[in-house]
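Which chain is which? They are A, B, C, D, E, F and G, in the order written, and residues in each are numbered from 1.
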Amino acid sequence: MFGFMTFLLMFGLWITMSGKFDLFHLALGVISSAIVAMISGDLLFQDRQKGFGYRLLQAGRFVQYAVWLVAQIIYANMYVLKLALTTKKMDQVLDPYIFSFKPHLKTPFAQFVLANSITLTPGTVTIRIEDGVFLVHAITGPAAGDLEDSDVINGMERRVAAVFEPEILHQIEAGK
Amino acid sequence: MENYFVLLGTALILLMFLTLVRVVKGPTAIDRLIGVNVIGTKSTLLILIIGASLGRIDMFIDIALAYALLNFMVSLATARFFQRNRSAGMIEKEEVEL
Amino acid sequence: MKIIALLVSVALGVILLVATNDLPEWGDPQSPASTHLSRYYIENSMEQTSVPNFVTAVLADYRGYDTMFETAVIFCAGITVLTILRRSHRRKKKDVQPRPCREGQDIILKSAARLIAPMMQLFALYVLAHGHHSPGGGFQGGVISGASFILLSIAYDLEMLLSRLKERTIMFFSGLGVLIYAGIGAICLLLGGNFLNYSSWSKILQVSEVEARSHGMLGIEIGVFITVTFIMISLYADLASGGEMDEGL
Amino acid sequence: MANFLEAVLGQYNNWAFIILLMIGIYAMIAKNNLLKKVIGMAIFQSAIILFYVSVSLKKGATIPIIAHGHGHDHGAVAHAIDAASYANPLPHVLMLTAIVVGVATLGVALAIVQKVNRVYGTIEEDEILEKIKE
Amino acid sequence: MSMYLNTIVVLFTGIGWIFFLGATVGILRFPDFYTRMHAAGKGDTLSTMMILFGFAAYQLHHPDLASLLVAFKIVFIAVLIFITGPTATHAIMDAGYGSKIDHWGTRDGSVSHCLIKEDERS
Amino acid sequence: MEVNSWVLWQFDVLILLMVVVCAVVALQLKDLVSSAITFGAYSFFMCILWTEMLAVDVAFTEAAVGAGVSTILFLGTALHVKRRAKD
Amino acid sequence: MIQSQLPILIIAIPLLMALAISLFGRKSDILCFYLLVLGMAATFAAALGTLSQVLSTGESIHYYLGGWSAPHGIELVIDHLSSMVLCMISGVALLVGVYSKRTVPAEVPFRTEHEKIPQRVPNYYTLYSLLIAGLLAITATGDAFNLYVSLEIAALASYGLLALGQGRAYFATFKYLIMGTIGASFYLLGVGYLYIKTGSLNMGDLQGILAQAAMQHSTSITIAFAMIMVGIWVKMAFFPLHGWLPNAYTLAPNTSSCLIAPLMTKVSVYMMIRLMFSVFSANYVFVTLGWQNLVVPMAAVAIIFGSISALGQKNLKRMLTYIIIAEVGYMVGGAWLGNANGYIGAVYHILADGMMTLCVFMALGAIIYKTGDSSLESMRGIFRKMPITAAIFVLGGFAMIGIPPTCGFFSKWYLVTGAYEAGQWFFLGALLFSSLINAIIFFRIIETGFFPDFNREKESGHHEGKVAMAEAPLSMLLPMVITALSLLLIGLYSKDIINGLIRPSIPPGLL
């Protein structure tokens, strides 16, 4: 079934890219999507537990999340802009800091999304994930402080969890 | 509008020049990698800009897409290299002679 | 050595600079290079091959023989690298540390690679299939498709790649691509045309000769695609692992 | 002389091509490190590609693909093609082949460099020559 | 209509350019590798996406199917950049951290704490 | 839509300049990996140059081969040799 | 039908055979060998077919690939000259193919200690076949750019074949690779200048356009010609550009050097002649430019340099490689003399030198196969141990010196006549000098070979005349004997070859 889902996704992508709707090119598209589904059908979906409808639901939630994320990214960029174009000396504005924390998220994909979100949000970049522990570099002390103890990072984790792992939401609430 | 795109492209190239300064200056290999990564992403845009200013953007998107993918791969491969070699911090002792 | 090199390069520069004076004006539409052969290609290729992309038409049809050798060159390079570099496993690493590839690490890279590799493969096939109408074709598609496998092996490990594609499979397919190319040309011989004259395929495909040329070009591009994909994988696997095929970049 | 200068300065792509060619051949001959020689080789080849591609340019032309050309209704389009409005496709074809050949040569060269390193433990030319003498 | 669209295009691309300016200046000015990576990672991704959205908007001048598909393709590139940008940033960051690149900072204690942790682990 | 002439000369001059800078730097750096990375940037610029000179297929090939695969091959080789060059 | 398709078959058969070896030969090494010999035999048959076709019609064959007529598509042109070279290449390939039955398994796999190298023999034969396909394509093509591509495939395959030797071979091959790339790139650059000025790539078409008066005095055409010539000279190791050749050929496996030494330089010379006379014209090269007074003395220097360097070598294989450099001087000088006799000498020497180089390399390879050594000392007592091989080696040596019944004499005769007619006294002197040196070299070897190995016999206790015969196996002996016979045959039928094959191909404009 996941192979078929890959096929559908790939065929949709093909239609978007191709822009040609004659029979010949559509047939080529079907063949190509089938080939890709055959070769790497096992790659696209890591978690094989959830069904098709659930995936759609997830996609919807993810769009919501992405909108929130875009706002964060714009804020992050303005922050970088402010830091870069400041006339002060660098050691007055920068105060780099590395810290680690362990989120409750379990699935690799959710961790991936969380890590990328941390990278894109103001002042922080994920360095590595090792056995579920995130190592994060923060550009200024205050940003790091915010992240470490306040609910910024918890909030983000909660949002990611709401998309991918709703069952652990209560753990996050409890952990807080 | 085409003129605007040419202007935008020139502005982008000027900024790429600045990024190139980082590539030239280093000091470590991984700093150069940052510069090259940024240059690569911006090249994607530049190709689209060229396409737009020639009025044939549909022909240029494939190149831009391929570019984005392969730029990502180069960054990843270099990062992998440093992960294995643990020597990203190697600094050029001598200055670059230009 | 440096002085010789300096002399050679300066001499070359001066000679070429002298030649510059004599060249036709840059970008002149009436220069010989832009009129003699290329005018024929531009004016006739659509009519004769029904391919809007002149580059593809010239590459795969008018000068298809060149392209066959080009594919053979790639194949030859793959075989040469394999012959020179390949050796059996012998773990003797000094300054290279084992890659951090344990379970639970590199989640970000692995997830991204899993997301992007299928897209790259589809994109490669798209580039191959639309080589007639937009830039691209067998070679570019092949490199991208090869790169998708390389991406997997960068994010995971070379062993992961080799568990999907055995070394023998790689070499088999890379030869097969050239064989498809040369075979399409050779079948033209059997059908009574000259070598690589795809229009003779019209007898089999039941289409007009112009259409047959277009389809023949797609066929040979598929051959190029297969060869390039697998040779790129092979080149990467050989060069990145030092010929031992154990751990890549 | 002024004419000559004008001819040279107007064709600044030729300048770039010649400079790259000189850099490439200098590196190929003079550099001590074998990998640097290979990089020089790649630069040399891409300089030649630059030369060919600048031949293919035409003023007022566009990319060599017929706009909105669909493979199946060629009758109407074919007569409207004006050769001067498309860039010259032939050098592009030649250079595609040359790039492919270049990458093939590059692969083989890198393989040989690795093998040299395996045999001598170094890829500096002078050190290798010393080891050969021993 | 066309006027508004052009304004949108100019707005998007202009803002993208400004963010890119910030990223470039950051890459040049910031004192060490990690902070430069901040500038590169964030500024690069967003500015590229912004300019790409600008192009997608530019395609809407001719609202036929072909142009819409082109716009979709551009958005697809943007999505791709959205995935690959942070991933590449992270990979480079990881590589730099793994090879113990010098860390610029005023808070010595906190930084060395993490580096020591890395040493203990290996 | 009027087809512009190919002369996006602003792009042309600037990119040629950067190409030459990249070539020189790639050859002058002592660290081979830096050389390889800079050479990757060189290929990027070459690709833009060819796009701008209307050679889209060549640019595509260069993007795929020069910028992508050959840089990776260089890195793969650099992994197995001594990283610091003498010149 | 097959008659009209012969030209492409010559090229397609080795190419398809390379693929067949690569695809189906991985199971067993001996199967690869049989496939290779089969393919080479078929190629040789096809080449002979085109030769007879050319001889019977007296016209050159034009074959249009893809069915596109001449300047638009790529054409193959097979005239008297190229059909002769095609026969030589495929013949050499067949002979070396048979010869390789024992030597390749002995030399190629398991080369380095402790290391098992998988799949080397099939790869070796694949490269072998690709090399032959490339060389045949160079010879047959009528398109200037296609020549470049064919050149590169031959070059890449030869890098692979040469690099398989002992440790030092890799560095030598790397130098060869750099020089070869420079050469090919120069050629490409030259073709680029030609293309800018003429807009064409087809050789026949180019010749027509270049004959116009405006083209005759164009600077860029001159520079294109210079570029092309320099590129090809690098490829053929002409004197100041020869540095890569001796090491690369000496350190290679014997089978590879047997294959590449006779073919690579000769095909480059063929290429030079082809480009000089059928792209540019004799009139342009000798009258408009008039560089022969520069090139012919250089060739003479090449001959003297090659001969003297050969004299100083201890290693026989290395000595032979220096002789190759001298022989390149013969051919370049002959082609640049600018008269019919010089041209005949050069072209005839392509054939003769190909065969005699093959002969001596094969004989030396057999000796190395048996004794494992290629120094002069290893020749001691060779006439007792390996009489047939030694006889063949001597015959090859005689041909190189230029002793009458062998083919070497006739080529030198024509070269000397040509040099005399052109008044190139220096070149004439160099030719005679080099014959003298060759005589010294080979008589020294023969002398060494005739006298038994005193030292070794002392150790084994003065058993004079009881040295065990240790002749090379039949698969090596047979091609050697055929090559030796062909040396005599080419010599004996020199009149027919020259009148039937070479004279019709003399370009107009040569006296």
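Convention: contacts are C-beta pairs under 8 Å (C-beta built on N, C-alpha and C of every residue); 3 or more make two chains touch, one makes a residue touch a chain.
Note that the structure is a prediction, hence the values are computed from the model and not measured.
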Partner chains shared by chain B and chain F (touch criterion as defined above): C, D
Between D-G and B-C, more C-beta pairs in contact link D-G
Taking each chain's centre as the mean of its Cα atoms, which chain lies farthest from chain D? A
Suppose chain centres are the mean of their C-alpha atoms. Which chain sits farthest from chain G? A
Between chain D and chain E, what is the separation of their C-alpha centroids in Å? 31
In whole angstrom, what separates the CA-based centres of chain E and chain F? 21
Inter-centroid spacing, chain C versus chain A (mean Cα positions, whole Å): 34
State, to the nearest whole Å, the distance from the C-alpha centre of chain D to the C-alpha centre of chain F. 11
Using the touch rule from the top of the page, what residues of chain F touch 2 or more other chains? 3, 6-7, 24, 54, 56-57, 59-61, 64-65, 68-69, 72-73, 75-80
Mind pulling the residue numbers of chain E that touch at least two other chains? 21, 23, 25, 37, 45, 66, 70, 73, 76, 80, 83-84, 87, 90-91, 94, 98
Residues in chain A with touches to at least two other chains are numbered 13, 17, 19-20, 115-116, 126, 128
In their complex, what parts of chain D are in touch with chain B? 62-63, 65, 67
For chain C, which residues are in contact with chain B within the complex? 95-100, 109, 116, 120, 123, 126-127, 130, 134-136, 140, 144, 147, 150-151, 154-155, 249
In the complex, chain D touches chain F at residues 12-13, 16, 19-20, 23-24, 27, 31-33, 35-36, 38-40, 42-43, 46, 49-50, 53-54, 56-65, 85, 87, 91-92, 95-96, 99-100, 103, 106-107, 110, 113-114, 117-118, 122-124, 126
Contact residues on chain B for chain D in the complex? 54-56, 59
Residues of chain C that touch chain G when the two form their complex: 15-16, 18-19, 21-24, 31-38, 40-41, 61-66, 68-70, 72-73, 75-77, 79-80, 82-84, 86-88, 90, 168, 171-172, 175-176, 178-179, 182, 185-186, 189, 192-199
